[in-house]
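Below are structures written as structure tokens.
Both of the next two complexes hold chain A, though its partner changes from chain B to chain C.
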Partner chain A sequence: MKRNLWVARIVIFLTLAFLIGPFLIIIAAALSAGSSLAFPPQGFSLRWVIAVFEVKSFRASFGLSMFLAVFGTVASLILGVPAAYAVTRYRIPFGEAVRMAVAAPIIVPGIIVGLALLRYLVIPVGMTVTLALFLAHTALVLPYSVRVVSASLENLRPDIEEAAVLLGCSRFGAFARAVLPNIRGGILAAFILGFVTSFNQVPVSLFLSGPGVRTLPIDMLAYIEMTYDPSVAALSALLAFLSIAIVFAAERFLGLSRYV
Partner chain B sequence: MSDDYVVLERLKLAYGETVAVHDLDLAITRGELLALLGPSGCGKTTTMRAIAGLLAPAAGRIFIDGADVTYTPPSKRNVGLVFQSYALFPHLSVFENVAFGLRIKREPKPSIDARSRAALATVGLEGFARRNPAELSGGQQQRLALARSLVMEPKLLLLDEPLSNLDARLRLEMRTELQRLQLETGVTMVFVTHDQSEALALADRIVVMKDGIAVQTGTPEEIYNRPRDVFVADFVGFDNILYFRNGMLTSDFGSTDTGEELPGSDALAWRPAEVILGSGPMQGRVIGASFAGQYREYVLDTGLGKIKAQAPADAPPHTIGGLVAFELPLAKAHRLPGTGK
Partner chain C sequence: MLTNKTEALALVLPAAVFAVAVFLIPVCILLSEAFRSDGSWSIAAYVEFFSKPLNQTVFFRTLKLGFLVTAVSAIVGYVAAFCIVGLDPTSRGRIFGLVVLPLMISPVARTYAWIVILGRTGIVNKALTGLGLTDAPVRILFTETAVFIGLLQLFMPLMIISLVSAMENLPRDAISAARVLGASWPQVFIRIILPLTREGLVIGGTLVFTGSLTAYITPAILGGAKVLMLETLLYQRVTVANDFLSASVIAMILIVMSFSTYMLLKRVAASKRGAQP
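Up next, the complex of A and B:
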């Protein structure tokens, strides 16, 4: 009995150490006063945190990543909410196949998706890299949108739409007035989940970069190859805090964990 | 087609392959209060959904006020439906639930306020306007569902077991309210219940349904006194149903010689009050006894199976386990023609 307890404690400790440890190391490295990325850090200073904001390419790639995360997720919701509605409310033909197809982007390795887009859209058709990135991120986030929104639709009784229709609403009006307000939480949760997924995405974006067009994570990879200073660590720490803040806000106000 | 407000013509309703209602023919008079009475799963809700337009018929037609509405969308039918499941909007307050339909109709704001308040008062929920539906009891939710439909003043009001969750007093109040509404506004109402006493008390006419078929349609008196078959008879309180064949009374459990001759092979039915208890040619063992105010009700185990009988409450009670003589008086028997086995 006692031995089991000790084993459990050790497992829990190791798990937490591996989950949180890297994060703590990154923060420590970011606050280093030295000029190369190293742990343990040499001294303490905020110079690298400040330096992050002075790197021009970071500003551009941050802008692109923000754009992709916001509009890619919005696009995935525009596609995903009706898809989730159809899959949960109707026994549509090949419903199972639709579910599978929608889930494909998380099953197929991202690097293959990125390579395929580059090989078959960007190179032969001449599609701009930005558009290819937008499509890739929309597709990547779509499974989360469909799944999270489906979950909240399944918790919503279908008869209230019928009640709305009998009180004079059109079919669309009933959806807008009786369904949407009740799945608002799910849609916001899907947005946040999609935003974070898209923002942190590396493999899909790896092949999709051009002159001056890079997502932030790819830009950081490129930067680290050239300059081995702690500003990447500082940027990582800043991004991690941003993600944590978003997820906390979501949990606090929406109960994100109910939907995932 | 004089005064028929709703006409169902050979209506067939199905969920995919399963047919829930077969060839239903029904005419509902303007201003009538019609009850659909039947056991669980007999197709009452299904019929209501079809009239409201939420379920497209597999065959047949539906007319409302002379117009063929078989393919008219529900929002254009001017029909109110109180759902068996209430179907309240969880994101809206009690008040906003009631005001919902008026807002869709873009009524002027003062009128929305006044009418919604009046509807809430009608069902006794005026103090609950700001709550959420989830913060109401089952009976309060049911009354809210009723108010939400009433406030629209529909020409046709469909009520799917609207009183099932209310206590006896509230139920009586709401019944009276529905009857007042019917008289004052001339609204046509269809009312689903599986409680025969409610149907008898409230309805102008009753349709008894079984397995998706309308077995008998008639006034409460007709249904109560002249049930057409064993099923209807059983439903309106003829608890003792036996078959008469070759001078023998038989049931699934046994038979008894009555010493009399009756032609045919009809079923005979007695209400518990019509069984003579304490004397007679037959005997049974008391296996159940319950006090019901004016009378006591007994269940006897007899050679004919279980027999239900009543005796005045002031008569000396029979004890469980004791033997009691009884008689099924042929003179009082209700004959159910053509149903003998």
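Up next, the complex of A and C:
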């Protein structure tokens, strides 16, 4: 049995090395003092980490990505929480069709959504690219919001709101005062999942870019094609730490994994 | 269950209308475009698309990479999941966290790392020339191999997660019993592990397969213009040639493929639920 344990350890180590190793290399390359992307790094310096903050387009696209991730997810929750409440508490006419419509953005590849919005909303109607991006990101995150909030509603017994109604609350009052505080964790989990999904999203935003309007991952892709310096490596490392910190905090304080 | 239809509709309608308006309608118009030529309905665009050798190559390459990535991640996934499930609960949780971790990191960043490893002056080439195995750097970047490796790294966590969840419910005694009764490991796998983890395999396989088919970032960074896949071909047709007919055909192919795998997934999930008492 002892031999088996060692074999298991080696297998796990190799798998993790394949999954995470490349990322450790990127971090090392980001801390290089040399001017081209290389491993092992040529000396140690923070120059590329600092350089990231000096690239003007990165600052603009980071701002746009943040805006989309925050407000797109909030919008998807405003639409998604009532929908989740309806699918878990009511017998809805055409329930299956509604579920499919809301889940569709997961099934349809993002690149197609981006192209469709560009072709039928941005070009003919003159909608701004930023608004199209906002709509696309909201649609993309909507299925996750509905699913995560539904899961947390299913864990909540309907008796509580019935009791609230019996005690004189209106239906809306019962929702606001009895249900909402109880699904707070689920809503936060949905927000974090939506934020990470939207922030890292590439295909949806691919066609939706205009002069000066680009999300951060698209900007990174464009930068990679032009230059071969370690600044994208540094940016990747910074972004990874940001998402890991968010997810870690969420897991620590909310138990994110209970909802996903 | 509440049955007030007006209330229910008022709650659901905003989300449904939003999804239909910004999503379903534009996508459907886009899909219908390839069927309309000169005012009448036809499938000429499809015939034209599939008659071009480049498009055929890209189509079959995408399918091939999808199957290969799914198959290899299933094999590695089974071995890894089996080892992870055998650990004590504390280290199992930690290792599981490390498997999930890459999913939170930007796919651009994860794919970019492979340039450092597989490039002309990358680690692999330095090792090969250092060991005297080759004189000149080997071309790995911008080949199918590079795209395959990138996709495998991107999607394997999904397979491992699904298989670990499936195997957690696997009775360990059954395996020991089969071993005591003289079954070889391949027999144990085919007759015990595989039937009992079928759902996990199908769920993981669907996620990996659709993910690989509809990948954009990996072929864009690691394949370039030489190793196009369906999504990079779509992007190229639109940006280089303004060719919306091909884009519409590719969009339909992608949707049909991911929708059918999604339906398969749903059926399996439903049969699993039905089987439970």
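Keep in mind that, in the parts below, the second predicted complex is superposed on the first by the 248 of 260 C-alpha atoms of A that agree within 3 Å, B and C clash if a C-alpha of one lies under 4 Å from a C-alpha of the other, contacts with A are read in each partner's own complex, and residues count from 1 in each chain.
Basically, a contact is a pair of C-beta atoms (placed from the backbone, for glycine too) under 8 Å apart; a residue touches a chain by one contact, two chains touch by 3 or more.
Predicted model, so just to flag it, every value in this text is computed and none were measured.
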item	value
Partners on chain A (chain B, chain C) - clash or fit	fit
In the superposition, chain B vs chain C on chain A residues touched	C
Partner chain in contact with A:R157 - chain B first, chain C second, else both or neither	first
Contacts of A:V55 with chain B and chain C, given as first, second, both or neither	neither
Partner chain(s) touched by A:P181 [first = chain B, second = chain C, both, neither]	first
Touching partner for A:A69 - first (chain B), second (chain C), both, neither	neither
Vertex chain A angle, Cα centres of chain C and chain B, expressed to the nearest 10 degrees	100
Chain B versus chain C as contact partner of A:A30, first or second or both or neither	neither
Lowest inter-chain C-alpha distance for chain C and chain B in the superposed arrangement, angstrom	9
On chain A, positions contacted by chain B and by chain C	171
Complex interface listing, chain A residues touching chain B	157, 159-160, 162-171, 173, 177-178, 181-182
Parts of chain A lying in touch with chain C, wherever the complex brings them together	4, 7-9, 11-12, 15-16, 18-20, 22-23, 25-26, 29, 37-39, 79-80, 82-83, 85-87, 89-93, 98, 101-102, 104-105, 107-109, 111-113, 115-117, 119-121, 135-136, 138-139, 142, 146, 171, 196, 199-200, 202-203, 206-207, 217, 220-221, 224, 232-233, 235-237, 239-240, 243-244, 247
Interface residues, chain B side, partner chain A - complex	52, 54, 73-75, 79-81, 83, 85, 87-91, 100-101, 104-105, 148, 152
Contact set on chain C toward chain A in their complex	1-5, 7-9, 11-12, 14-16, 18-20, 22-27, 29-30, 76, 79-80, 82-84, 86-87, 95, 98-99, 101-102, 104-110, 112-117, 119, 121-123, 152-153, 156-157, 160, 214, 216-217, 220-221, 231, 234-235, 238, 244, 247, 251, 254-255, 258-259, 262
